[in-house]
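Sharing a structure here in structure tokens format.
Letters A, B, C, D, E, F, G and H mark the chains as written, and numbering starts fresh at 1 in each.
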């Protein structure tokens, strides 16, 4: 009696939105993910998936052995990314627990052909660590900053650089962090003007936002 | 017994963050605003203030008659903006009540020397109105989209253009809109990847975010 | 010492509310569900249950092998539905993850003797997909629209059709979706007038609402 | 320097959505409202506005003396409504303070050419009052129920009638009613299946929802 | 290095607050619960525990075989309750899923020596079921009403009886019930005057409140 | 065109719920209040109204000079209360700002013929003040405790007396008190068993709850 | 009929809690405030009040001309403060709008005999301003940090000093700051260990907390 | 393809913030924890970790057998703490379930070389228990008070002592405690002036705050 339909590919997305389709693995079986990877790689030359848990990844790799899985960021890649473009993105994170989200952003950017510089462990409670790296960060065309708990790092970075800053709240924290709500509110209310914010833990979205910036322009 | 200190100017902001100081008029007296306008115009050639209520604006204009006040966006300008740069920004809004927020973004962009195209009254309940304008929007280097109520317009725009899209939730609505919370949550959860979001009614912040993008690159 | 009472059947519901009793399987044992199915089918000619997890469904099927279980919508049916009435319902959904909720609505409608057209994968980030199907949707007597994340699809549909539109927020999303709250608020604040909303993930309730409309009238 | 644009009429709405444009007076001047009334009445034969405060209404009436203002529902009407159609709507309300919202629904329905029966003061704390009127209510093609505080009335009505029931939470209450949130949540979680809900205080939206039902069908 | 202290008995509670100590089993081991039951029964003649999961109950029963466990209400009793006093309590519940909470109240009352009448399955969506039992309920000295979802039942009961009514919101529901918040808010905002409310799922607290009423007075 | 109906009296309430109708003055004109007072006093021998602002009270007193208004509790009384019954109520409050709410409870109880003892200024930050009065409080048949801010006083009182304790959160506080929400949550989560709670600032409801207790029993 | 009681002085507070009574002026008349000032100054040698609006202050000064009112912090003082103790407090604030709250803390500290250093305008978006002052701050025995918007300043300060840091969220901000909630959550979730937090806008409470620290110890 | 970086030690923290680095074990593997313990003990003479679940602790102890694990507070210690300083801290808790949080504070303080007095089971529903211990508590230089549910204990303690009081809300409770939110709000709104608050369940943070106080001063 069931007639539940299947999802369909969206071949025009690249033209309309400027980036190829990516597999959101949550709620998909290993078989569906494997099929999608192969189909997208055949169409685009390479394919990419996010939010893939480690146990399911094993089954995907069994089916598509040439795919490459990264357990920290829970992303999977098939095929070579395009050649790197001229601009690059600094992906800055506050604490060790923010690394999966920052890493999801970095892996997505690499899949889209962008060079990435990772700067980590520069949370605001030890602000000297950020100062030691700020000149490097100033060279980036776009800066992504991931932080949990009070989410203050983007405010400090945003006051020190003139590039676009995309803030990613993470769900790192406990008690009154309310699964990232505290960080999200902090970033939306930043006293550093011109920050923009994406959803909690949305490293992928931050990367696409950076990609939209990079592709619509020629960096200085 | 009071020793309440006064705020000080921040001459290094332009160098650090890439945009000159702007006067946030809420909580300032007409005299303070007038002094700030004159001082900043003397330093930078022009000056700009936001969130200036109409009655206080009259007193400011009395003191600085060459300043220009716009009652819809509640902004005030003194001096000529810089020559327009090469890229331009589309400022798209959903309904009539969103115009003050969208206008604050537009006025801020003009103050910073950017060309702006206003597209209004294209809310998603009459989606044909957006389709009629979408080709124009596609020419922009950056797109700012302001919407209240359910805040759905940025999702639709984000699916139709490849440029960076900055979503501005407005406090337009009543009841379960909770003063813009519904629109804010809608934009953060957009199914169009790569949108970024600023605080409720923060047209100024959206403009600065667009400025960060434009100044860090040469548009295509 | 326990004297916990048992639930009782409500034979008058059909007369009062216009639809037969349905089994809400959450919190019931397989044995209770099987007994209920048999008793209701004996009384009404057919029986229907919702929210039945797959593992418990196996035990129910063992006891009542002629029952039919659908794992996507987690519904179970026993006996033939009544002959289809003259009007029909379009059940529209935004993304793949919304299919279980949309499907629960569709299965409930079929159990109640209504024809259903499923339209899926027409989320607002690729609005052309909706336009390709809108003429079909316009033929429906009632339209049910299920969407998670920002929940914008009902607003767009509501602006394109004149039939009653019942919006179903789903708990699809993460972070600031707050388990469907973002979609719920979006739908309640829709700029398309005359939408009505049911509880998060309540496909069943949307179907009963559609049934109330269809049975109180003769469609055009 | 201001270039704030003006709102434009949407002549195709009647065809697309099945009801003529209505003036939402909040945030409009008396002059704008008067102009809109005259223009819409010229186009459609009659015109209607909601959310018009009493003091601004006086100015509108000065400009358009043949318009008719109702201070309880804060609605204004110009011209005769269309002839009444065959079905009719019961508009049921719980307490005296819910009358403005219920009345907004009733006035909107009359403007759209529907017959309305008002049933008031039947809150659940005196359930006998509802029972005395329930046979009348059962004759309606659609039932709108407005209630504040705990918002329980729609659940009781929904269990007693088979017609479509549209629940309107009102902001009536204090303390933990949180401006209608308690009533809204109560209605969304109703144990009476097939209720649908609109935004807090949205009598207008409930009326349009009823209109969508009535116009898409011929009542029994 | 650990010096974590142990909890101590509070022998004076009966005198101060009028009821003996009861074991809240959540977070206690089977051994601690067994020891507490034996010690309290030795002191008071009987003992009682709440919130005891079924698997841990088995170990408690192994250690104290004469104890009696009720799996629906998750309560355990050791020894005979005192002779019943003159007044009695009606424990009314809306749906099948509310039975554990209503049952916890009933078991607690019996432990304290009060006669209880259980009335169940009288939710407001089938209000005739309540009317059939209301005369019985009117004979009670105190009425406890447990309901989840929209939590409307106490309002209706409170309008029909003059005895004290204690409302217990339950966490039954899904989506926008937010684990009992909708029912809690509904009960706090009841239009029936003089209802009082306890915490979500707090059948025990409702019983103690009823006990405070019964013991401070001689029923009519 | 307006047909807004008027509210009607509910003569059977006394029999059904055990207390006469009381006028909730919010949203009523001085004329309506005056009429209601006179009508209810004619029917019941005395009449009572709550939530009457001082300026409107002046107009009511002009129309009904024998009525008596209390500006602190914002209540109005006409006629003599009934003779006092045997039990009495302690109305305990934490701080000076809680007096209006506690006073509303006291005035309502007097109107209903109950003796009241007021105990004030015994907040938990100076717990010795409560200890000095606790023996008096222990003599009451019912204890009402009003407190704002953290709302801790009912917990302490509930641990010291065996009578029924009705907790009234007040909206006293600022910042994270969220208009009484902090006090409300504190009271619902009290570690003193058997407290019951009414809505924020609902002194009237607490009094009716006490009345329900007193009238259903003969105090010890 | 009114018997509303009056608040009483608490002469033992100084001994119990270590600080004299302070007048919270909100909700008190000018006459009551004047009486309290005079009475407390007579008892303690000096008196102090907070949250006194400017218009009411004029009436207080008329009655007690030797009192001194500070309009920015809305505090009033009568008599000389005690001689300054050995330790001192740094009161640090982020933006101009935070000055009233920081000033309330400073005035309270001076009233209690503590030396204060004000550091202002050192918000995190211009972190160099904080670095220029950090050596001064490090000399303090206690540091109070007031900030609104995202409330990040205490985290940065807490990472740079070893003294006790008391964070005061202010209600400065708009939109998703939710009247100080964003700053409050940020401070509670600070990644700088050992920060403590007081209520939104509670400069007075922060000062008392600092006083508790200073008086229980001899600073280094 | 993964280049996820590793966390780095922060050797300067002791100098900047006055306390050595502590291992937050949540999200770290047993191997990482063991390595960190050994490295920090080598650098500082002793090491300490918090939030270590019991099963993972077994693996850490296998690798570092001389480490000492406390299962109630889930802390681990390696090496001897420093000699005790002159002041000491009272760690007061309300109920048995608050012991893990209070214990985390106590263990952290001992690791930092501070003497601790534990006072437990003194919740406000049996206030005599607190009075029996209050003289002991008055001798402390700092008082930490941990409580869940309504979180009232710090208010009572704060009114009885003049030392600094640090309130720790715990997540103990159910229903409307919302995982510690009720206790947190209660403590932030305390009527006892000068309390400060840390995050929910943050016993560690409370201990560091006490350490900041003790080290910046010589206790009386």
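What to note about this one:
Convention: a contact is a pair of C-beta atoms (placed from the backbone, for glycine too) under 8 Å apart; a residue touches a chain by one contact, two chains touch by 3 or more.
Given the structure is predicted, the values throughout are model-derived calculations rather than measurements.
The chain pair with the larger count of C-beta pairs in contact, out of F-G and A-G, is A-G.
One simple way to say how far apart two chains are is to compare their mean CA positions; for chain C and chain D this gives 27 Å. A separation of 50 Å divides the Cα centre of chain D from that of chain G. One finds 56 Å separating the Cα centroids of chain A and chain F.
Annotation: 35 Å between the Cα-based centres of chain C and chain E.
Residues of chain D found to touch two or more other chains are 16-17, 95, 125-126, 158-160, 175-177, 181, 184, 188-189, 192-193, 199. Pairs of chains meeting the touch criterion are A-B, A-C, A-G, A-H, B-C, B-D, B-G, C-D, C-E, D-E, D-F, E-F, E-H, F-G, F-H, G-H.
Across the complex, chain F is touched by residues 1-8, 10, 12-13, 16-17, 27, 169, 171, 179-181, 184, 199-202 of chain G.
The touching residues of chain E, when paired with chain C in their complex, are 68, 70-73, 77, 95-97, 99, 103, 106-107, 110, 118, 120-121, 125-126, 128-129, 174-177. For chain H in complex with chain F, the touching residues are 94-95, 123-127, 149-152, 155-156, 158-160, 173, 175-178, 181-183, 185-193.
On chain B, the positions that touch chain A within their shared complex are 16-19, 22, 87, 141-142, 158-166, 184, 188-189, 192-199, 204-209, 211-213, 215-220.
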